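First chain written, first letter: the chains are A, B, C and D, and each begins at residue 1.
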Amino acid sequence: MSDEATEDLRVLRMPVELDYTYSAGRSASRFLRAIQEGKLLGQRCPVDGKVYFPTRGACPQHGMPIDGEPVELPDTGTLVTYSIVRVPSANIPLELPYVAVQVLLDGADTVMMHVLGECDLETVHMGMRVRAKWKPKEEWSTSVANILYFVPLDEPDAAYDSYKEHI
Amino acid sequence: MRDVAVVGFSQSVSLRRERNRNEVEILIPVLQELREATGYTNEDLEFVCSGSSDYLAGQAFAFVAGLDAVGAWPPVCESHVEMDGAWALYEAWVKIQMGYADVALVYGFGKPSMGDLPITMALQLDPYTVMPLWPDAISVAALQARLCLDGGVMTDRQMAEAAVRDRAHAKSNPHAQVAGDFDVEGILSEPYLVSPLRKHDCSPISDGASAVLLASSNRAGDFSKRPAWIRGIEHICEPQDLGVRDLTRSRSTEIAAEKAGVGAGRIDVAELSAPFSHQEILVERGLGLGADTTVNPSGGALAGNPLMAVGLARIGEAAARITNGEAERAVAHATSGPCLQQNLVCVLEG
Amino acid sequence: MAELTGVIGIGQTKYAAKRDELSMPGLLREAAERALEDAELTWKDIDAVVIGKAPDMFEGVMMPELFLVDAIGGAYKPMLRVHTAGSVGGSTAIVAASLVQSGVHDRVLTVAFEKQSESNATWALSIALPFSVATVAGAGGYFAPLVRGYIRRSGAPEDTGIRVAVKDREHALKNPLAHLHLEDISFEKVANSPMLWDPIRYLETCPSSDGACAMIFANEKLADRSDKPVAWVHATEMKSEPTMFSGRDQVMPRAILDNAKSLYKKAGIQNPREEIDCAEIYVPFSWFEPMWMEGMLFAPTNEGWKMTYEGATKLGGDLPVNCSGGVLSSNPIGASGMIRFAEAALQVRGMAGEHQVEGAKKALGHAYGGGSQYFSTCIVCSEKP
Amino acid sequence: MSQGTDASLTAPHTLSYTYKRSLGPLLGRFFTGLRDRQILGAKRADGSVLMPPKEYDPDTSAALDELVPVGPGGVVKSWAWVSAPRKQQPLDRAFAYALVQLDGADTAFLHVVDAGEESAMQTGMRVTARWSDEATGQITDLTFIPEA
């Protein structure tokens, strides 16, 4: 008899599969419908006027609903901070290594997380100016994935003081 | 013991499927309403506690976003239980007892419509010998119901009567999901959903949120003209294994009721969170309620069951009836786990 | 107003990547039994049970405390389940302590655990949701940009993180329960380990562990009966802030600074660096030691790294940090915070064995979680306040 | 544009993972027993037998380590008829979940009875274990059927 047949079982494999219908919520849906058309929408906090990007249901700082008119933002911004990821992750289909970035879009007061492309790893740095690289228009959907990645802009770096509050 | 009272309560409407809003968007108006009703500001909050479950949302750390609705800035003293908000209220009550806080905000929220709730609940069962069989929550409750029926502990007519009563009460509750005039004969002639349970024996699946403001006697008067004082609050957990428990009674409710002092006086109103009609009867008996108690004037869980918020809402509903003068003494109940595994009992007085 | 409360029993499992010789109940039980033995009590002596762990998806059981409660003496008793992200182990201990401090119970058992070998934490933490792009690879992916932010603003030398990693792994060699025992640890070894989430190297990150930690809290009357030293709870504190908002300082969140101020005030501490003998700080990535030295007000802003550099945080230094080896050496996520509290208590009870700080009387336990937004802390002391 | 509708966007989201459940010594023996087509219950201090076995006595928390054979026949103490099984559930035709007290056991345990139709189910009926063709050591190796 093989060892397997004589030894007590130690570990069982137990599959769990649950189906959900994920619901983005009212505010995020507004953002997603706009990005389907290539528009980037933020919204102002009713208390201090800061522009939250993407739109969200509440200003977390004040616990107030954000329901005013959206603010359209350009697809350029500043790389606030980043990490070069060299470790695989089950849910992330990106080729390693990749640069995970936090980008402060021009006119926004909150950062978005995305990745950087078309850039030598050695040259990535804080304060870089970047622009969104979009998928071909015919592939646009209600997803942040319409932006493939950000690419460096040929512009002088943003001054540290201009973005240090967003790290 | 310090005197602690429920000084404010708000809740969302229970909906079978909230199509527009995510959890934070459900919660925000509930907290706004509480703020307006009591006049509290974040500066008053010395403790915040919430209840929710990651598995309802299908993602880890689903509760974190709840803080967005609070506006937790400057930072707040805050905790979270992976339980119904009723247990979050218990934790807040403990903090007030120890003198850590005088005013606490408690909330619970859930959006179970995103998943297949009865099957999601199978994940609560022993993961080695029970869960791999995927018994859905309705089937598990049905096993208990049949034990009650076969054992002569109750009749299906009594179960139907509980459902009729709750749904009739719910007509006056604008937050209820299932309300109306039903008749016992009609219900008994309906087919089984999972035999021996009919649709009417089961609570609906509900999306929703609820919130309560708690205050010690030092501060209660600042928020409410007639606070609902917590005179006893206790919760007990039984072993889960269905075979070792007597499923035809709720031992943990009995123990909690005794410790909370339910029997020390007449109970005008009882708000029960039992999700199935037979469980409502078991809880009613476990609490030792008499004919002079109005059970579930709001309709209870059978009229709306926003998981993780429903137990807290029962405490809020009971308190609201004291605050509006309808009741002098009330009891509220919350439950968790298969077949009433864990139960919380809260006695409130004017 | 609160009842004086002490830690009278502590139990920890051996931490390892896989404790696959144990079930989940068996894992909790190993810690809880050891805590009972330490306290010289039986299951019957416990009034209530508080269970803590991180997301249910790690083990794939919804509210697992419901099926676990009876294995640790909780049948027909009150049971609470706490979940406050990575700080949960600390928060859970605080809830248990509160049950005694409030006078509600006399003696409470608390157990925090994680059985990470049942799944994969990076999977559970990076579940891809519709409409979004998953770019954050687990906790390392989240925290690496913040570490870069700290380096930029503090001007800390780039090898600071390496020094922390070497120190904590050396400490772990003195703790038989620690998951990682790297006998040949050295500066070069850490420096040459692969970059995972630049600037965080492989040997600067925490492992993924199975394990459980248990503590028993008792009121003054019962704790006074204990034959063994008691760790008296002088203060506990919890602070939270939202994950994001405009202008949020994610590197040095206000929640940790507020937490530290409030904690020290309650504990009557004027100068934490002088008065506290040792600390167990939640450091899942090496750079968080200097960051939290500043956060817990042991060092002035932007100078936390100097403590590491000067050797102050080593065993034998003036404020030894993570003598147990810390989260860098054992990380059963849901338990990691409670281990910090328990190790702080062991130090002031004089029961930390080979990693004991000589003469430790006052110790700090610290845990954090979420996006550096949940903080739970305690001060324990060998003497009553 | 965004004003078109207020309804939230929705999308399917599946949570799927195969967990590795380590069993510990007692459950390891129980599942090994199933693989060998034997059902084992746990003996408690008072001599009563728990089925399913637990490592710790649910009432006293005492450690249990003695396993004794139970079944394969038993009595249905309660049952619930599932007329429309979900995809996760063990049978793709209508069946009963039942609390079955196996011969030699003192507690009933939750399992599945493949009875064909509801009218074949009755409280107090006897059932017996039917093994799947290839028992691998899981609780789903078993199904119960009405005793002939």
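Following the convention adopted for this analysis, contacts are C-beta pairs under 8 Å (C-beta built on N, C-alpha and C of every residue); 3 or more make two chains touch, one makes a residue touch a chain.
As the structure is a prediction and not an experimental result, all values here were calculated from the model.
For the interfaces A-D and C-D, the C-beta contact count is higher for A-D. Separating the centre of chain A from that of chain D, both taken as means of CA atoms, is a distance of 44 Å. Remark: chain C and chain D have CA centroids separated by 38 Å (rounded to whole angstrom). In this assembly, the C-alpha centroid of chain A lies 30 Å from the C-alpha centroid of chain C. Contacts with at least two other chains are made by residues 19-22, 55, 58-59, 67-68, 71-73, 114, 116, 119-120, 123, 125-128, 131-132, 239-241 of chain B.
Each of residues 6-9, 11-13, 15, 17, 19-23, 25, 27, 31, 54, 58-59, 88, 138 in chain D touches at least two other chains. Touching two or more other chains at once are residues 20-21, 23, 57, 59-60, 70, 75, 120, 123-124, 127, 129-131, 242-243, 245 of chain C.
Taken chain by chain, the contacts link every pair, so each chain touches all the others. Looking at the complex, you find that chain A touches chain C at residues 10-11, 14, 16, 22, 24, 28, 32, 45, 48, 50-52, 59-61, 81-92, 94, 97-98, 100-102, 109-110, 113-115, 126, 142-145, 147, 160, 164-167. Those residues of chain B that touch chain D in the complex are listed here as 19-22, 58-59, 114, 116, 119, 122, 125-130, 132-136, 138-140, 142-144, 146-147, 150, 192, 194-197, 239-244. Every residue of chain C that touches chain A in the complex is listed here, in rising order: 20-21, 60, 120, 122-123, 126-138, 140-141, 144-146, 148-149, 152-153, 194-200, 242-251. Chain D contributes residues 9, 11-13, 15, 17, 19-25, 27, 54-61, 63 to its touches with chain C in the complex.
The residues of chain D lying in touch with chain B in their complex are 6-8, 13, 15, 19, 21, 23, 27, 30-31, 50-52, 54, 58-59, 77-83, 86, 88-90, 97-99, 101, 107-112, 118, 123, 138-140.
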